Amino acid sequence: MNNIVDIAKQIFENQPFSKDIGAKLDILDNDNIQITIKLNNRHKQQHGFAHGGVISYLADNCLTFAGGIALGGDALTAEYKINYIRPSVGVMLLAKSHPLSVGKRQSVCCAEIFDVDEKGERSLCAYAVGTIVKTGE
Amino acid sequence: MNNIVDIAKQIFENQPFSKDIGAKLDILDNDNIQITIKLNNRHKQQHGFAHGGVISYLADNCLTFAGGIALGGDALTAEYKINYIRPSVGVMLLAKSHPLSVGKRQSVCCAEIFDVDEKGERSLCAYAVGTIVKTGE
Amino acid sequence: MNNIVDIAKQIFENQPFSKDIGAKLDILDNDNIQITIKLNNRHKQQHGFAHGGVISYLADNCLTFAGGIALGGDALTAEYKINYIRPSVGVMLLAKSHPLSVGKRQSVCCAEIFDVDEKGERSLCAYAVGTIVKTGE
Amino acid sequence: MNNIVDIAKQIFENQPFSKDIGAKLDILDNDNIQITIKLNNRHKQQHGFAHGGVISYLADNCLTFAGGIALGGDALTAEYKINYIRPSVGVMLLAKSHPLSVGKRQSVCCAEIFDVDEKGERSLCAYAVGTIVKTGE
């Protein structure tokens, strides 16, 4: 495990909202990170599906970490767009993100958010694209 | 208070995640709705600002309610885009949304998310635009 | 007419594609710029409406100029999102843009693209939001 | 060549703006379509790069055709978002698009727009994601 991955894990640990919402960060390799949330009733909207705000959190944060790792340091999501594709009716949400481009100061990343059912089968639930900018410069 | 506003308030009450995140819905009139969150430590990211996921929740849900009221019934956000403008350092986030267009089945809405400081002064924190689609048809 | 407005007009004159597509730039004041295209058959798609590419050109360029004037120099659109609201069936397209926020290096702007009929009446045809970044730094 | 591909080619031929801008449609298979433009001076902006409006046209139209073929008929782009990644300095632009999801009435598609240099080498120039809706229903 290299240094930037350690830094990323530390940053994630220092996010109270990520802890509060029950999210876990998993860094597969420098180009692929994923965040998961085991769904409980508190994550739902009025029809029993995962709330769009939960899915948006995953998109936003997954993009930030994929971009931050690609840029080699602390970063923030400057903007993103999300398309909801189908309602989340499963037991877990899993978000994956990787960079489409990496420059000196910013990276464009995309993220897939999957609904995972009891058998572990994934369906694409939402798709996001955003701009991640290096901070502290 | 008319019927669609009652329905909207009932839907909001039936969203466990809105309750969990500490959000309150305020319907000013049929064309202007707002949602607020009093910020605590649990809403923060690693630098002490409100987490992008909290701001995204506000954008997503505010767009849904503005669109749903405009369309006259239960609705969902099909997609949206958000630009983060400045970090939220205040004590409250306030999101306002209104429709830019209303058709039979869908509405395009925009939302402003304001950071509110201790004196009640607002700064634009993020801006979102999205498509809201009527459900149950 | 101040200096930045002169610079903006000069930049517009130096865009071969703006000339090719038949666009005209009109700067109302530093916070409001508009670009128009008188519609001919060559601007159309298969149903006789203005092509999405023409509307997108207007969104893209209008955002760039509004942002560039706000930032005080040459600029480019880093990203934008557009919602098409209704088909353009009129004789002219008119795009207006203004900044939602202005920083040192970038500005978030929104743009409205109106369809204008023979009587000069405007209908909102599309809405765009984007990030404009100062160049040459 | 199947029927929907024939229909798509016919629709493209009936777009005056696609002809005017010098675009060519190439359908590789039902899940992959591409549109190219050989760049001339008239496609440029003030720095000699392809104008964002030209790149946007490619994104918009490529998304529409990928979505329309996936949906099995005439379609329109309801909204999209584009990130410009690097300036186009080559001799041709090539846009590719495929669906991320396909429903009864709408499809979410993504598009890559490549800058192609004199040796035929491609660089990612822009990335777009949008919603394509079936028409005539």
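We just call them A, B, C and D in the order they show up, numbering each chain from 1.
Following the convention adopted for this analysis, a contact is a pair of C-beta atoms (placed from the backbone, for glycine too) under 8 Å apart; a residue touches a chain by one contact, two chains touch by 3 or more.
This one's a predicted model, so the numbers in the text were calculated from it and none came from an experiment.
At the interface between subunit A and subunit B, two copies of one sequence, more than half of the residue numbers in use are shared by both copies. Note: the chain lying farthest from subunit A is C, by mean C-alpha position.
Subunit D has its Cα centroid 33 Å from the Cα centroid of subunit B.
With centres set at the average Cα position, the gap from subunit C to subunit D is 21 Å.
With centres taken as mean Cα positions, subunit D sits 28 Å from subunit A. Multi-chain contact residues of subunit A (touching two or more other chains): 78-79, 81, 83, 108, 131. On the side of subunit D, the complex with subunit A involves touching residues 81, 83, 85-86, 100-101, 108, 110, 124, 127, 129, 131. Of all residues in subunit C, only 11, 14-21, 41-46, 51-54, 56-61, 64, 74, 76-84 touch subunit D in the complex they form. By the touch rule above, subunit B contacts subunit D in their complex via residues 78-79, 81, 108, 131.
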